[in-house]
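Chain lettering (A, B, C, D, E and F) follows the sequence in which the chains are written, and residue indices restart at 1 in each chain.
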Amino acid sequence: MKLIIAVIKPFKLEEVREALTAIGVQGLMVSEVKGYGRQAGHTEIYRGAEYVVNFVPKVKLELVVPDNQVAKIMETLTNTARTGKIGDGKIFVLDVEQAVRVRTGEAGEEAL
Amino acid sequence: MRYLSKLAAPVAALAASPAFAQAAPTVDKGDTAFMLIATVLVLMMTIPGLALFYGGLVRSKNMLSVLTQVFAIVSITCVIWVTYGYSLTFSDGGSMNSYIGGLSKAFLRGVDYNSIAATFSNGVYIPEYVYICFQMTFACITPALIVGAFAERVKFSSLIFFCAMWVTFVYFPIAHMVWWWGGPDTLAAGATALAAAGTDQVAIDAANAMIFANGKIFNWGALDFAGGTVVHINAGIAGLVGCLVIGKRIGHGKEAMPPHSLVMTMIGASLLWVGWFGFNAGSNLESNGITALAMINTFVATAGAAVAWLFIEWLLKGKPSLLGMVTGAVAGLVAVTPASGFAGPMGAMVLGAVASVVCFFFCSTVKNRFGYDDSLDVFGVHCVGGIIGALATGILVNTALGGAGIPDYLSQPGTLQVAPYVFSVAFMAQVKAVLFTLLWSGVGSFILFKLADLIFGLRPTPDVEREGLDLAEHGERAYAL
Amino acid sequence: MRYLSKLAAPVAALAASPAFAQAAPTVDKGDTAFMLIATVLVLMMTIPGLALFYGGLVRSKNMLSVLTQVFAIVSITCVIWVTYGYSLTFSDGGSMNSYIGGLSKAFLRGVDYNSIAATFSNGVYIPEYVYICFQMTFACITPALIVGAFAERVKFSSLIFFCAMWVTFVYFPIAHMVWWWGGPDTLAAGATALAAAGTDQVAIDAANAMIFANGKIFNWGALDFAGGTVVHINAGIAGLVGCLVIGKRIGHGKEAMPPHSLVMTMIGASLLWVGWFGFNAGSNLESNGITALAMINTFVATAGAAVAWLFIEWLLKGKPSLLGMVTGAVAGLVAVTPASGFAGPMGAMVLGAVASVVCFFFCSTVKNRFGYDDSLDVFGVHCVGGIIGALATGILVNTALGGAGIPDYLSQPGTLQVAPYVFSVAFMAQVKAVLFTLLWSGVGSFILFKLADLIFGLRPTPDVEREGLDLAEHGERAYAL
Amino acid sequence: MRYLSKLAAPVAALAASPAFAQAAPTVDKGDTAFMLIATVLVLMMTIPGLALFYGGLVRSKNMLSVLTQVFAIVSITCVIWVTYGYSLTFSDGGSMNSYIGGLSKAFLRGVDYNSIAATFSNGVYIPEYVYICFQMTFACITPALIVGAFAERVKFSSLIFFCAMWVTFVYFPIAHMVWWWGGPDTLAAGATALAAAGTDQVAIDAANAMIFANGKIFNWGALDFAGGTVVHINAGIAGLVGCLVIGKRIGHGKEAMPPHSLVMTMIGASLLWVGWFGFNAGSNLESNGITALAMINTFVATAGAAVAWLFIEWLLKGKPSLLGMVTGAVAGLVAVTPASGFAGPMGAMVLGAVASVVCFFFCSTVKNRFGYDDSLDVFGVHCVGGIIGALATGILVNTALGGAGIPDYLSQPGTLQVAPYVFSVAFMAQVKAVLFTLLWSGVGSFILFKLADLIFGLRPTPDVEREGLDLAEHGERAYAL
Amino acid sequence: MKLIIAVIKPFKLEEVREALTAIGVQGLMVSEVKGYGRQAGHTEIYRGAEYVVNFVPKVKLELVVPDNQVAKIMETLTNTARTGKIGDGKIFVLDVEQAVRVRTGEAGEEAL
Amino acid sequence: MKLIIAVIKPFKLEEVREALTAIGVQGLMVSEVKGYGRQAGHTEIYRGAEYVVNFVPKVKLELVVPDNQVAKIMETLTNTARTGKIGDGKIFVLDVEQAVRVRTGEAGEEAL
C-alpha cells in the first residue's frame, strides 16, 4: 500500500474529490496547510505596519491506496488539480507497511 | 413620513373650512430628545447592523470588503448629504420642484442651531439640524442596502463611484418626490387662503400653488411612512439590476458558498430590528401616540414575519433555521416600514407574516428558477417585501381595519383630521408610486452601472475574485485566529 | 414597578385624609421619548445581548441552536403577547383578578394610539402602546433566560412548545399578581371615596374594592421595582427544574467543554448592562429623579458585583478571569433589579458585591457539590441573585439606609407620600413573594417540561447531541472560516 | 462642557448690566430623558465599543486581556467615582478649588433623587443623579483609552493599580480644572451683585469670588465642549509615556503581528461612533438646538475624517483599507469632541479631514521613524487628534466661520449672550490648556507607571508574553472554535 | 522506528490520549482533518442554497514509536477508538528512517 | 528523496523558514498541530469548571528534499528551532518513492 500526499489549490478540492471518487477511491483525509514555494505570497498593511506573507493557503490530501491503483490516481490528481499556473502543487508517494480499520480490526488492503 | 389626503379630493370642499390663525411654532424637548436618539439608532442599524448582517453571509475572504463598502458608503453619503444632498431633497426646487429640490440650502446655507423643521402636527417643530441628521441616516443606509446583491464580486472604486452617482440621481429625486411638502402649517395657511379667496381666481391659484408645492408622488397621495418606496423598493430594484449587469460569482451554483459566520448575521439582524425603531418610529418626527403605534407595529410585524418563515421553512425544508428566521424578520421590517404609522398592530402582524412567506418563495424558488445571483437576496427581501408593504399600506390604513386613517390637513386648517377612506384612490396611489419608483430606479441604476463599468470596470479579475477581495482590494485579512 | 404600602396598614387611617380632586391626565413627550427608547434597550439586551452572552459559552457546534432559541422565543412571545398575553397580565381578571387578568384586551381590543396607561405619579400617563411594548420586552426576555440551564441538549420543537406554555401559565400570572394595580389615580379616588364613606358600609366596601383590585402579591405589599421576582427568580427556578428533568450533557464532567467564544460572551454581557438601564430605569415609566436613581443603582451595583467577583476569584482560584467578572456583573444586575428604584446608591453597591460573592459560591461550589448540569448557571446567577435582591429590597428601601422609602398613595390621595418603614412588614412581604414565586414557577415548570417530553421528547438522540444541534436540528453551521 | 468668556475681558464691563431676578430652577423631562440615554450611549461606546475596537487589533492570544482590562477599568472606576471621584471633580475644593474639588460629596453624601444639577442655560437643571452617571461614564472611558498604547505586554495587577491612581491624581484634577464652575445662575447672581456693588470693594470682591469659583483652566477661558483635553489629550499622552516606560513587545518589528479580527475592530469603531453622540451631544446637558449642532458635527467630522484617511491611504499605500478608514473615523471623532458644540458643520467637516490626515502621518510615518511601540496608536490618534481639535476649537468657534460663538453669561445676567471673538484670546487659552494637560498628565503618568513597576512589576515574563496574556494571566482562551 | 498515523472520531481524542499515555507513549501530534469515507456527510441549507457536505470532522494522530511498541499501540488504538459505528477511522504504519530531538540533538529512539 | 517532518514552536516558524530558504529549500508545507509531550500544558478555569489541557500549540513543517540535502537541512532545522527549553520539538525523516509537480507533470527531484 502507498500513502499519496497531494498539495493542491483549495478551490480545486471538490473537483478533485469527485474525480477520485469516480475512479473508486473510497476514503481520504483533507487538511488545510500553508504552502511555501515558487508561488508568490502577498503583502498586508495595517496602519503603519507592513507584513509580507510568504505562505499561500493550500489543501493537503492524504490517501492510502493499494499499490496497483497508484498510477491511475496520480494521473487523475495531476489532470484535475492542474490549472497550469504556478502553485498548482505537488504529489508525493510513500510506502505504507500496514493499515487497520478501527471499526472492524481488518488489516491490510481490506482496511482501505 | 405622512402626507395629505385631500389632495386627491376636490379642493373646493375647502371653501367651507373656517378661517385659521397660525399657532406660534413650538419646539418640545421631548420630541428633540427622541429624534436625536432615533437618529443614532438608524446609524447603528447601518453600522454595525447592516454591515454584519451582510458580512456574515459572505465567505470569510470577502468579509472585509463588505464591511468596508458599507462603512465607506455611509461616510461618503454623509459628506454628500450636507454638501448638496439635503438641499436637493428637502428644499423647494422651483420649476423642477415636483422632481427635485434646489440648491438654496447647499452646504447647509442659512441653517443654524435656531433653525427649525416642521413635523406632522400643526405648530410643532424640531431643530432643523436634527431633521437633517435623521434624514441623512436614511440617505446613508439606502445605497448600502444595494451592495448585498453583488457582494463578493465588485470593484471597490467602481462601487464608490456608483453609489455617489446613485444617491444623486436616484435617491435624492425619489425622496424629494415622496417626502417633500410644505408641512402642516403651510397647508393650513393655503387652505385658509383658498377659503378666503372666494371667486378671485388669482388668489385661488396662489393658494393652490401653496398647497401643491410638494413632490410629485406626494401629490399623488401615495403613503410611505418610513421609506418602503424611497428606501427598500428603490434599493432593491437597483440591486437586481446590479447583479444582472455584473453577473454571477465564479463558481456560483457549482462550489459551496456557505455563510462564513451566521453569528455575525444574527447580530446584524438583531441590530437591524433594534435600530429600525429609530427608523420607523422616528419617521413620525414627534414623540407621541402615533410614534408608539409605529413602534408596536415594528415589533409585531417583525415577530410575525420571523415566526412565519421559521415554520414554513420547517414545514417545506424539514428544518427551522436561524438564517431563515432572521431573514423573515428583516422581510417583516421591510414590509411594515411604509405602513408602520398607518396600520393597526393586528394588520401589521398579518402583513409581516404574508410578506415573509412571499419573500421566502422568492429567495428559495424564484431566484433558483431564474438563476440570477442576488448574493444576499436584496431583491428578494427588500424589493419584494417593500412592494408588498407599500401596497398593503393602501389597504391597512383603513380605520375599518384598525388603521390610523388617512391624515387630512386641509378640511379643517390647523387641525389634523382623518379623511374618509376610498380604496380605489388610496390603493392606486400606492400602485403608481411603486411602479414609478421601480422604473426610475431600475433605469437610472442600469445607466449608472454601465457608466461605472465603462470608467472603472465593475468586476475584479478572476484571480482577485478567487483570492478574495479582502486581500486583493484592501490588503487586509478579516481573521488571523 | 412600585406598589402601595398602606395596604399593609389599617385602612381606617384614611378617614383623616382630605378630599381629592382628580387631576386631568397628562402625557409628557419626555416620558414618552424615554419609554420608547427604554423599550428598545430591553430588546437589545435580549437580542443580541442575552443570545451572545449565552451563545459564547457553549461549544461552537451548538452556537446557532442557542441564538435560534433566544430569537425564536422573543418573536413567538411578541405574537402571544399582543394576542392574549397583555390582556391576561394587565387587565382586570374579575373574580380571578388576584391571580390572572381577563381577556377584555385580547388582540389589543379597544387600544388605539390615543389610549394611555398610568405611571406611578398621579395624573401622569404614557401612551398605552408604549406600555404594551415595554412590558412585552419583559415577557420576551424571561423565557429566553431559561434556555441557558439546559443549553446544548434540548430539542427545538419541545423548547418552543414549553416556552409558549410557560409564559401563559407561569409568567403572565406571576406578572399579574406582582404588577397589576389600578394606578395612582384609582387609589386616590378609592381613598377619597373611603374617607367620604364615613360609616356607610356599602360605600366603604365599594371604596376598598376599588383600592384592592390588584394582583395578589401586589396586595401583600411586596416590592419588585423591575422584575427580580417576576423575571429572574421566576426564570431561574424554571431553569433548575429544566436541567434536572432533562439531565446532564453527554460527557459532562468527563470531556472538556470550554466556552467557544468568550468574546461573544463579553459583548453579550456588555449589551446586557447597557440594555438593563432600559429595563430598570424604564420600569419607573417616567423620566424623572427616581428614574435617575434606578440608573445610578444599576451602574454601581453592577460595578460593585463585577469587582467583587474579579477579586474573590483572583484570591481563591489564583487568576482574575473575564468570564468571572462579567458573570459577577450580571449577578449584580439581577440583584439590583428589584431594588433599583428603592435602594440608595451605596446600598445598591453593597448589594451587588454581596450577591456577586454568593453567586460565585453557588456557581463554583454548590453546583459541583450537587452535580446538576446547569450549563450556563441560570439558577446560580438569576435565581440566587434574584432572591438576594428581592430580600435586600425589603431592607434597603428604608430611608434610614439611604433608600427612597416605601411609596404611599393613600394617606394623602393624589400625592405620593413615603410610608413609615416597618422592617418585619416590608421584609416578610418580600419573603412571601419569593417563596410563592419559587413554588408556582417550580411546580408549573415541572409539569410543563414533563408535558413537552411526553409530546415531543425533550432530548435529542446521543448522535445528534454529539454532532451538535446546529447541523442536526437547524441544518446550519455557525462558522465556516 | 462650555464655559464663560467674559472672564477674559475686564469685569468692569459688567457695571452696566441690569439687575437680574433669579428664575426658579426647572427640570424638563425631555432633557432628563435625553441625558439618561446619552449616558447609556457612552457606556456602550466603552463596553463593548472601545473594548472591541482595541481587542480586534491584538493577537488572539491577548484578546481577552484587552477585554478584561477595559471592562475592569470601567467597573473599578464606577466604584471610585461614587466613592470620592465625583466629589473631587464636581464640588468646591475650598482653598485648592482651582486644582481639585473637596470631599463634601464623598459617597454622594447629600445627594438624593430630588437633587438637581445645573446645565448651560439659566434656570434649566437636570437630576443630579443623571449628571453623576453621565460624568461617571467619562471617568470610566478615559483610563480605558490608555491601555491600547501598551496592549499585549502589561501585567493586569499593575495596570489596575495604575488606573486607580491615574484617575485619582490625573483625571479628577484635570476634569475639575476644565469643567468645574458654578453654573449659569451663580454667574448671573455674581454679575448682578457686582453691578450692584458699585464702588464697595468688599462687595466687589465677594461678587468676583462668586464668579471665579471655577477650575483653573476654566478660568483661563479654555473651550472644551466634550473632553478633547480632559479625555483624549489626557489619555493619549499617558499612553505614550506608558509604552515608553514598558518598552516594545517581544518580536516587535520582527514578527508579524496582524490584527486577529478586524471584524471586531469594525464593530468597535461603529459603536464608538454611535456612542459618541451620547458623549458629544450629551455634553450639552440639554436637548435643544445646540445638542443638535453637536450631533451633526459629530456626524460630518467623522465622515470627513473616514473619507480622508480612506483616500490618502489609497493614494499613498495603494489600497483603501477598512482599518484605515475606521481609524480615520475615530481620529475625526476625537478631533471634533472639543469643538462639537462650538463649530459649524462645515468647519467640523474640514476639521475632521485635517485631523485624519495628520493622524495618518503620525501612525504610519512618525511612529516608525521613532520606533516606539504604541501598539494601538493611542498617542497617534487620541493625543494628536485631541490637540488638533482643541486648537481648532479656538478658531472654529468664531461665528464668522459658522461657529456658535463664545458663550457669555455675564454681560446680561440671566441670559446667554455671544461674546465678541478675539482670536489671540480664544486661541491662546486653548494652547495653554493643551500644554498644561500634556505636562500634568505626562509627568503624573510617568510617576505612576514607575510606582506600579516598583510595586507589582509592569511587565510579565517573556514566556508569559509569548504564551499570551489570556492563558497566563486570566486562565482563559478567547476562542475554542 | 515507525510513524503511526491514526484517524479517529474527535470526541474519542481524550480517551485515546489517556490510553496511549498509560502504555508509555510520551509524545504525539494531533491535527484536525476533514475525513472522506463511507460515513455519510450532511446537508446544509441557507435560504435557497443547498449544499451536500461529504466531509466529516476527524482528528489525525501522528506518533513515531520504536518498532517493538508498534503492536501494543495499534491494539490500544483500535480498542479505545472503536465505537463499532461506521466512521471509526483507520490506522496506518510507515517506516521512519531517522528521528532527532531538537532541544538536545539526540538522534534515533532516544529522540522519541 | 526524503520527507522531513519537523514539529517546532510556533514563534520559530519565520526564523526557520528564512534559514531554510537561505540554504536553498524551495518549498514546504506548514500546518498547525496540537502537540503532546514532555512540555507541560496549562489549566483553564471557567466559573466552576476546571480543564487541564495537555496539548501545546506547535507547527508542523513537511518538506520533501533530495537525499543529498537531508543532512544540511536537519542541521539547519535543529540549530534555528532550538531554544534549549523543553518542547523544542522533533524532526523525523521518511523515505519518499515518488514526487510529481502537478503543473508540469515533472517527476522525481525535478518536481521539488
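The rule is simple: contacts are C-beta pairs under 8 Å (C-beta built on N, C-alpha and C of every residue); 3 or more make two chains touch, one makes a residue touch a chain.
Everything numeric here is computed off the predicted structure, so don't read it as measured data.
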Item checked: Common touching chains of chain F and chain B -> A, C, D, E
Item checked: For chain A and chain D, chains touching each -> B, F
Checklist line | Of A-B and B-D, whichever chain pair has more C-beta contact pairs | finding: B-D
Item checked: Centre-to-centre distance between chain C and chain B (centres being mean Cα positions), rounded to whole Å -> 36
Next item on the list: Please report how many Å separate the Cα centroid of chain D from that of chain F, as a whole number.
Entry: 50
Next item on the list: Measure off the straight-line distance from the CA centroid of chain A to the CA centroid of chain F, and report it in whole Å.
Entry: 18
Checklist line | CA centroid of chain A to CA centroid of chain C, Å | finding: 56
Next item on the list: Give the residues of chain C that touch two or more other chains, as numbers and ranges in rising order.
Entry: 28-31, 33-34, 37, 256, 258-259, 261, 267, 317, 319, 321, 323, 475-477, 479, 481
Next item on the list: Could you tell me which residues belong to chain F and also touch two or more other chains?
Entry: 31, 44-46, 94-95
Check: Taking touching chains as linked, do they make an open path (line), a single closed cycle (ring), a hub with spokes (star), an all-linked set (complete), or other?
Finding: other
Check: Which two-chain combinations touch?
Finding: A-B, A-D, A-E, A-F, B-C, B-D, B-E, C-D, C-E, C-F, D-F, E-F
Margin query: Considering only the defined contacts, which chain A positions touch chain D in the complex?
Written below: 44-49, 51, 53
Next item on the list: Would you pull the chain D residues touching chain A in the complex into a rising list?
Entry: 57, 256-259, 317, 319, 321, 323-324, 327, 363-365, 367-368, 377
Check: What residues on chain A touch chain F, complex-wise?
Finding: 2, 5-8, 31-38, 54-55, 58, 60, 74, 77-78, 81-95
Checklist line | chain F residues touching chain D - in the complex, by the definition given at the top | finding: 11, 14, 42-46
Margin query: With touch defined as at the start, can you tell me which chain B residues reach chain A in the complex?
Written below: 251, 254-256, 466-467, 471, 475-477
